[in-house]
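Below, subunit A partners subunit B and then partners subunit C, in two separate complexes.
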Partner chain A sequence: MGAISKLAARPWIWSYLGLLVVWLATVTFTGGKGGAEILSAALSFGTFTVIVGLGQMFVITTGPGNVDLSIPATIALSGSLAMKVMGGADAMLLVGLVVSLLCGVAVGGFNYALIRLLRIPPIIATLSSSFLVLSTAIAYGRGLKIKPPPMLADFTTARVFDIPVLALVVAGLAVAMSVLLNRTIYGRSVLAIGQNMRAAWLAGIPVERIRFLTYLLSAVLASLCGFVLAGFSGGASLNMGEEYLLASIAVVVIGGTSVAGGRANVPGIWGAALFMFLLVTMLNTFGASAGVRLIMTGLIIVAVITIAGGDKPQR
Partner chain B sequence: MLKKSLMGAVAMTLALAAAPALADTSGKRIALSNNYAGNSWRQAMLKSWEKVTGQAVSEGVVAEAPAFTTAENQVTEQAAQIQNLILQGYDAIVINAASPDALNGAVKQACDAGIVVVSFDGIVTEPCAWRIAVDFKQMGAVQVDYLAGRMAEGGNLLEIRGLAGVFVDDEISAGIHSGVEKHPQFKIVGSVHGDWAQDVAQKAVAGILPSLPEVQAVVTQGGDGYGAAQAFKAAGRPTPLIIMGNRHDELTWWKEQKDANGYETMSVSIAPGVSTLAFWVAQMILDGKEVPKDLTVPFLQINQDNLEESLANTEPGGVANVEYSLADAEAVVAGE
Partner chain C sequence: MPEAPLPIVDFSNVAKSFGAVRALAGVDLTVRPGECLGLVGHNGAGKSTLMNVLAGTLSPDSGEMRILGEDIRQRYSVALAHQMGIRCVFQELSLCPNLSVAENTRVVHPTIKGPGWRGRAGALILGKLDEIFPGHGIQPGDHVGDLSIGKRQMVEIARAFTVTAAPLHLVILDEPTSSLDAVTAGQLLQYMRKAIGQGASCILISHVLGEILDYSDRIVVMKDGGVVAERPATGFSRDTLVAAMGTVARAPAAGQAAQAADRREERPLSVRVRPKGRPGGAALEARRGEVIGLAGLAGHGQTATLLQVFRAARGRDPDTEVTGAVALVAGDRQTDGIFPLWSISRNIGVRSLRRMLRGGLIDPAAEAEMAEDWKRKIGIKTPDMNDNILSLSGGNQQKALFARALGSDADIVLMDDPMRGVDVGTKLEVYDLVRAEAARGRTFLWYTTEMDELKNCDHVFVFRNGRIVADLARAELTEEKVLHSSFTEDA
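Coming up: the complex of A and B.
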């Protein structure tokens, strides 16, 4: 087996190929101008999609029907809570982070309680909890747009050699998540449950505990995203999470994770997040109208998923 | 028995006789049907409604004026909501509609039931309803007119649009483009959708900026100015003239720039308090006043000299606002 066919068998390769093609098309159109800046912008904005994408990946991997739709609401609540608690003071930075993460723990726990205790399907459970979460954010968040503490704002927008520092940190997070997925009992259990929940249960895996941890992880990552996103964009707003509903699912799927569960892929999430940003940038640069942009985005996503398809379970 | 009903009749006559002391609409019930509450503008809109109608109710101008908001910003949901309001027997329904035409069926039902329907901001096209429309085209055009006054030599413009597929976005954009036709020294070199949200605008602008030549000015739709400013800063580009949209973060940023380097721009949007204008219009119609079916909402424009005053009156996270009184509404109806 040659190196190329080996590479082609990697499910994440397609998202990277896609981003390369899209980037080349954009740079060709601008006559080679701004290529590096576009990549740098993609890195800084792709970061946020990656954070929520990682959590969504674990949830989706636990099998058909598992998806976390409360991510946008969690982002909004965690961002506004943290900004309000910190009130723009550097000294409160840690407190803000803890509050934000606790908010994720609460939402994740609540989601799972709905799924487990009330036996509501995850899609409905997380969607309805997202209404509650967003309503909390609305009720609590009058007087939003509190500026983030300068330290947080500086950290989230800092760059080293034009590479956003946050992107480097999240790259580290992705590596950690990859280890968690492939090298720990928890990660292996997630994959096993996604492949066959009953078999996993018979093999002695504590299925419900693992699912609980997975929804918790997803909500905590969404909270973290809300925290840094609010720092990055100069404050929280009620609709700041809106675009991450579809994006979190799209990057997981484009990145080569199986929608049917049981097969996950961390590197693909990075590729897909950058690809999604560059795709919009390309169509904006071409001056495509919003309608064309949406149609193209849809078609290209379908195309990438089709090409990257094939369903071999991961062991 | 006879005595009892006689007394009842007397009581009724007395009640009727007493009525003119209050406004004729004191027994009337007006409902607000609102399609969305998830941004600061809508929050301020609902707050203004609460404040003004609360006072009107306590003064006995109307019996009650509750606000109802749909959860999902969907046409079907709002249509069902309007049908509920019809069944609950409201005398007037004030609507901020999810769609200009898809609610027409429900609106017609309300009219047929003898209910006064007043739509504002998100208007409906059903002829039986009143429309308090914003001249969004003009809102786009005044921006380019302002730029023409500031930059005689013209220059490159970056256009930040709103939410794709919404008619407000098309209208403002059409206004901006007609302004550019009128002032051909300007050229739109790029156009992105910022969804009226600061973070979305920041992301979109950051994406397109590297491919653009130098940008002299940014024309916007409101809510997106601060995000644009941040994207320019992050890209290390000189800050262009960015038209603002009355949001607190935009005005704050403008104030900081003005103090630091004399930065000059203007800000234009619709005051969320337009809901209270719609309330008074509905009240006037119920009162039997003659009101034309199509009305236009005045803009709220902020200039260099009244920036401080407007900023002081805008709460953090909110948008510059004015609430309308009955007298203001009468002036709008009279076309002043």
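Coming up: the complex of A and C.
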């Protein structure tokens, strides 16, 4: 088979095609101006969606019904906690990072405890835990507006050759996650559980330990996102995670990961995150009103998922 | 030629390929009214593909298809097949597990509608179940997912024989007895003959050659996608049938097992298990290097006991002693065994990933090597081990599951009636493999409903109602004893 049909068989190709089309449309409209700037901005903002999308991807891949809705709350809690601990001092940078990640470990563990011990479906468990987490963030960070340490702010906004450094780091993270998914026992186990949990158990996979690690991973990545996002946007706020609830799920699905579980796709997450940002930019450039913008975003996402075709029968 | 009634099915030169695999290489098939056609052949001989074409689920690449004299090649479909009175009982069960027995019946009978449809559908299926399998113990309101695989098979069979608006001309029974125990299998075959006496026809596919020889009128033998022999059933004997399929018949290796029994007590213990929940039964003991049979009627606690051992190998359980790593070969492939999105090679490797690690990462070369190794050892029929597992026929999928367990580091292998839908040649190969692995010190716990397989065991425990009621050494094993213990209330 030729290179083209081989490429077309890869589910992530559609998100990249989509982003190319949208970018070309935008650049054509502006008469060639600002093309590079738009891409650079997309890399900056898309980065945060990628971080949480990676975690969400692992969760969704463990099978139907598995989804982490506590991501926005975790971002808010981790961001405000870290800002408060660091108090704007560079010296406390590492301590802040550790606190932020520990916060993710706690949320992930709590989510899993609800799912496993109380037998609550993941969608309800993570949604209800997100209320608790957000309340903690409110109680703890009331009225606080602390600037991030200068080093963190510099790092998250730094660029080399107009490419955000953070985007490069997260690209590395994505590569690491891809290796984790495809080349480790943990990744194989996630894929197996997503296809058939009972068969996975009978094949000797420690199903519950893997699910625990997966919710933990998702929450830790959400915390990491909260940490860098607070640095990037000059401080934490309680609603800073809001848009990442749907975004984290949308990039997973558009990126070619199967919602039914068992099949995941890392490159697609990057493509989808950039595509989503460029889509909104394009509609803004066209001067669409807020209502039209939302409708178009919805329609285009549906169209991309339809074209990408979801689960084709394999041979 | 004398005037014969119009054949129900008249196929000529039907061909079908899946990519590089030529599943049907121009097959002729005729089924006349009021006959039972036995269809036999190895796994991958093309039987299931041919039946899928007949049922309308696959459309052939070329060939002529006439049903009741009508040329239907261009517009054939599942709906048309049903309309023309062709029903199928497939190897992979086709009931919806989330619906009740009555609701599943309604699915194929669209004319049952209006208030009270559930009751009428229930009465229809219950009547048929009572007729075919007296004493079946299934309620129309039972959810299919809660039924054992044997009972699901009974519902599936009974449903195929129910009649409302569409007529019933031909029932395809693809391995109908593989999930049934001896008694229900007998009931089914009796009923099938009765239905044929009333003018219906059947195609019977089975790897149990005795069933084919005793219950069909005519036998068609398939091999490599073509028909290689076709004769009245009386023209075949067991040996000629096996020879026609291309397997050399041979006597079962009876002597091998006997020597193991003598020094039983000296060998180290592998498993000691007392089935839970039903006090008063005996305990099962397996020693290193033994092949232990779990016998009895289907669904009497054998699978539950295997799972109890499987759980105990990972955790603690005061009733169960397990001294080593455990692997399981599933019999219910779709629910318990296969990962449908994966290649054959990944499906085999999943139990042995730890061994493939190089520097913490899975080494693709090691995985491919294991796959090729087992492709050779167990004879998996495929052009490429990287093809999806579902591209294999049912029997070859089962071989992949054997490879997964036998290729692993397990000291103890649990087999949950794994020979369902596996052809004679493969069975003999697997028996040899099991014996060879046992000689190397592996222990096998083997649940089976077939007497022939118990003859490969060193020791057999008979189950009834969740208890172990008999404990037979190889030398004292007879079919009568197993049946006797399976049925009498006080052993």
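Convention: the second predicted complex is superposed on the first by the 310 of 315 C-alpha atoms of A that agree within 3 Å, B and C clash if a C-alpha of one lies under 4 Å from a C-alpha of the other, contacts with A are read in each partner's own complex, and residues count from 1 in each chain.
Keep this in mind: a residue touches a chain if its C-beta (ideal position, glycine included) is under 8 Å from a C-beta of that chain, and two chains touch if they have at least 3 such contacts.
None of these values were measured; they are calculated from a predicted model.
Within the superposed three-chain model, A:G53 lies out of touch with both subunit B and subunit C [touch as defined at top]. Taking subunit B and subunit C in turn and counting the residues of subunit A each one touches, the greater count comes from B.
In the superposition on chain A, contact of A:G231 is made with neither subunit B nor subunit C. Within the superposed three-chain model, A:F29 lies in touch with subunit B and out of touch with subunit C [touch as defined at top]. In the superposed pair of complexes, A:E243 makes contact with subunit B only, with no contact to subunit C.
When the two complexes are overlaid on their common chain A, residue A:I38 makes contact with subunit B while staying clear of subunit C. In the superposition on chain A, A:G287 makes contact with subunit B only, while subunit C stays out of contact range. Overlap of the subunit B and subunit C contact sets on subunit A: empty, with no shared residue. Within the complex formed with subunit A, the subunit B residues making contact are 37-40, 43, 71, 161, 164-165, 190-193, 195, 197-200, 202-204, 206-211, 226-227, 230, 234-235, 248-249, 315-318. Those residues of subunit A lying in contact with subunit C across their complex are 179, 183-185, 188, 191-192, 195-196, 198-200, 202-206, 258, 262-263, 314-315. Subunit C contributes residues 18-19, 310, 314, 326-328, 330, 335-342, 346, 350-351, 353-354, 357, 360-362, 387-388, 390-391, 404, 408 to its touches with subunit A in the complex. Here subunit A touches subunit B in the complex through residues 26, 29-30, 33-38, 41-42, 44-45, 131, 134, 138, 141-146, 157, 229, 233-235, 237-240, 242-243, 277, 280-281, 284-285, 287, 290-291, 293-294, going by the rule given at the top.
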